[in-house]
Amino acid sequence: MASDTEPLRRIVEGALLAAGRPLDIAQLQGLFDPLEQPDAVQLRAALDAIAADCAGRAWELRQTASGYRLQVRAELAPWISRLWEEKPRRYGRSLLETLALIAYRQPVTRGDIESVRGVAVSSDTIKLLLEREWVRVVGHRDVPGKPALYATTRQFLDYFNLESLDQLPPLGELRDLEFSEGLELAPTEKPTLATAAGPELELTAATDLPEERAEP
Amino acid sequence: MSVREPQPQPDAAAPRQEELPFAIVLGERITELPVDLYIPPDALEVVLETFEGPLDLLLYLIRRRNLDILLVDVAEITRQYIDYIAMMGALRFELAAEYLVMAAMLAEIKSRMLLPRQPEIEDEDDPRAELIRRLQEYERFKEVAVALDALPRLERDLFPAQLPAPDCSAPRPLPRVELRELLVALAAVMERARLQEHHHIRFEPLSTRARMADVLDRLRTQGFVPFVALFKVEEGRRGVVVTFLAIMELVKEALIEIVQAEPYAPIHVTARAADGERH
Amino acid sequence: MASDTEPLRRIVEGALLAAGRPLDIAQLQGLFDPLEQPDAVQLRAALDAIAADCAGRAWELRQTASGYRLQVRAELAPWISRLWEEKPRRYGRSLLETLALIAYRQPVTRGDIESVRGVAVSSDTIKLLLEREWVRVVGHRDVPGKPALYATTRQFLDYFNLESLDQLPPLGELRDLEFSEGLELAPTEKPTLATAAGPELELTAATDLPEERAEP
C-alpha cells in the first residue's frame, strides 16, 4: 500500500518544493504523461500524506485559493528574514558634508550650507538628517522665506560618542586630516603629516576609510 | 565495429552507414554526389555545421574506420579529407579558413612521410606527431565536454527548493557613519570653499556655535526671554562668556533682537523671525 | 540532546528552503543574533541531520561551491520539469567544448582555446559564458594585445552541482606516439590496444556517455 503511493507522493512533494507557488490538482496531474495521470483522489491522498509529514518540520502544506503550496513556517520569520536583510547603505558625500557643516556652523540655513558647498542641498538630505534626529530646527532667519536654522542634537552627540561639540577637532586640524586622506584637492599644498600632533595622528590612523561612494 | 558519430546528430535514430553523408536533403542522406543534381549550398552547410572544425572532421574520418589515432594512416585520411574539401570547393561552398589550413598541414605531412628517413638521425620527429598530438588533445576535450553536458545541472535536472518565506519585512538598517568620515567630508568641503576665493568663512569656537543654537532653540519655544535668564550661574565664568559671545554673534548675524522697552527696563531677547514662525 | 539541536535544525532547514540558492556556514550563522550564533560544528551537525533525513525523500541536501543547497532530486526531473513550459536550454558542442577548456585549463585565453579546438571561438560563445556567470576574466596575458584570461566561477560549479573543480569528470590521458617505428606496418599487425589496458579501460568507463552509441 505504502509502496504504491510512495512514487506519486515523491513527485508531488518535489513539484511543490520546486514550484514555490500554489499548484492545483489539474497542474499536479499535468506533471504526468497523459496515460499515467493519477486521479484527484490519489493526488489528495498524496497531499494528505505530505501534510501529515510536515509536523515538526520547517515547512507546512497550505491550501490556498489557487491550490496547494509548501511554505516555510511563519514562526521561523525572525531568522529567515535575515536572508534578505539589506546591507546598510552608506551615506553619500553630500549628506556627510551637510551634516558636518551644520555641526561646525550651527545654526545655519540650507542656503548657508549651499553657499559653502557650492552646490544645492537636496531636501532629501535634510529630511534624512531630521529623521535620524541628528539635526533639528532651532529657529528661522528673518529674511524672505524665513528659512529654517539647523543645529545638531543631543542624539548627534550621543551617536558620535561626544560629550559636547567642543570635542570635535578644530578646523585647523581638519585641513591636515583632509590632506592626509589623499583626497583629490590641492595635494601640492600638502603639509607633511609630521607636523600633526599626538591626537591628530590617532585621528589620521583612524581615518583609513573604505573608498567613498558617490551619492546616488 | 563501432562508429563514433559526430555528437549533435540531427536525427539520432537515422540509420547508420559507413559512408560519410555529403548532405541531408529532405531527410535522405546523400552519400554520393549526384553528377547532374544541384545541391543547394544550404544543405551542405548542414553537413559542415555537424563538425566543430577540421580536427573534428578528421576525428570523424578516423573514428568511422574504428582506428586508433596513434595508428592513423595519414595518407588515407589526407586523401579523404582533401576529397571532402574539394567537394566543398566544387560546390563553391565557402569553407572556413581553418579547413584549408588543415588541408595544407596534411599535405605537408604526407610529403614528409614520403621522404626516406635518415637512419643516423635517431630523434627525427615522426611527421605525424604534431597532428596526432593535436587530434588527441582535441578529442579529450571533445569527450569531456560531453561528460560535462551529462552532469546533472540546474534548470534541466535539478531544481532548488524555493519555498515562499513567511512575511518578513526586515527593517532596513540605517547606514553607519564614523566620526572620521564626517571630519573628512568637512575638510573636503572647506578646501573647496577656500579655493573659491570670495568665500571667507569665519568659524567661531564650537562651544559658541553650539550655544547659539541652544539660545535660538530656547527663543523658538519661549519667544520672549529676559536677557539675564539666558545665563546660567552654575556654568561659571566660562559658561557666561560663551553665552554672551553666542548672543553677540546671533545679534551680528541678525538672528535675534535685543529689546528694551525703556531705559533701565529689563532687557529681553527675541528671535528675529519669531513672528513669521508663529502664525 | 535531540531537543537541543532541533530548533537549530529547523531554522537551517527553513532558510535553505526559502533561499533557493546555496548558503554557506557564515551565511547560516548570519541568520542569528550575534550573541546567539551557533558555531560551525553545531551548524554542520544540523546539516548532517538534514542530510540524513533526506534519504528516500524527494529532495536532497547538496554541498556545492557556494554552500549547501536543498534541491529536488535529479531523478524527478522528468516530472518536475513539466512545471515550466519552456524547455531547458540546450548548449551546443562549441559552447561546451569552450567551457570545458576553460574549466580544465584555466586561466586560458581565447587563443589557447582556439589552438586546441582548431577553430575560432565566436564572441557570442564567450559572451554567453560571461553572461551566465560561468566564466569570468581573471586577468590579461602579458603579450601583445593583452588577451583576457578566463577562469570558471563558483556559479559554474553551483550550476553543475559541483563542490570544486576536482569533481569535474576526468580528462582523458594523452598517449605518446612511441611505437612510431612500426609506421610501415598495417594497423592489423599492431599489438592490440589491450596492452595499454589499465588506465585506458578506466578512461573508457568514465567517458561512456549516453550520447555515444556503438554500432552493432
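Order of writing sets the labels: A, B and C. Residues in every chain begin at 1.
Methods note: a residue touches a chain if its C-beta (ideal position, glycine included) is under 8 Å from a C-beta of that chain, and two chains touch if they have at least 3 such contacts.
Computed from a predicted model, the values in this text were never measured in an experiment.
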item: Innermost chain, where centres are averages of C-alpha coordinates; value: B
item: Identity of the chain that, by mean CA position, is farthest from chain B; value: A
item: Mean-CA-position distance for chain C and chain B (Å); value: 20
item: Centroid distance [mean C-alpha coordinates] between chain B and chain A, Å; value: 24
item: Euclidean distance of C-alpha centroids - chain A vs chain C, Å; value: 34
item: Multi-chain contact residues (two or more partners), chain B; value: 159-165
item: Residues of chain A whose C-beta touches two or more other chains; value: 14, 17-18, 20, 59, 70, 72-73, 76, 80, 82-83
item: Chain C residues within the chain A interface of the complex; value: 10-11, 13-15, 17-20, 23, 27, 30-32, 57-59, 70, 72-73, 76, 79-80, 82-83
item: Chain A residues touching chain B - in the complex, by the definition given at the top; value: 14, 17-18, 20-21, 59, 69-78, 80-91, 93, 96-97, 99-101, 103-107, 115-118, 132, 136-143, 146, 149, 151-152, 159-162, 164-166, 168-171, 174-175, 177-178, 181, 183, 185-186, 203, 206-207, 209
item: Chain B to chain C touching residues, read off their complex; value: 1-5, 7-8, 12, 16, 52-56, 67-68, 70-71, 73, 96, 98, 102, 113, 126, 128-129, 132-134, 136-165
item: Residues of chain B touching chain A in the complex; value: 159-170, 172-193, 195-196, 199, 201, 203, 205-207, 209-210, 212-214, 216-217, 219-220, 254-255, 271-274, 276-277
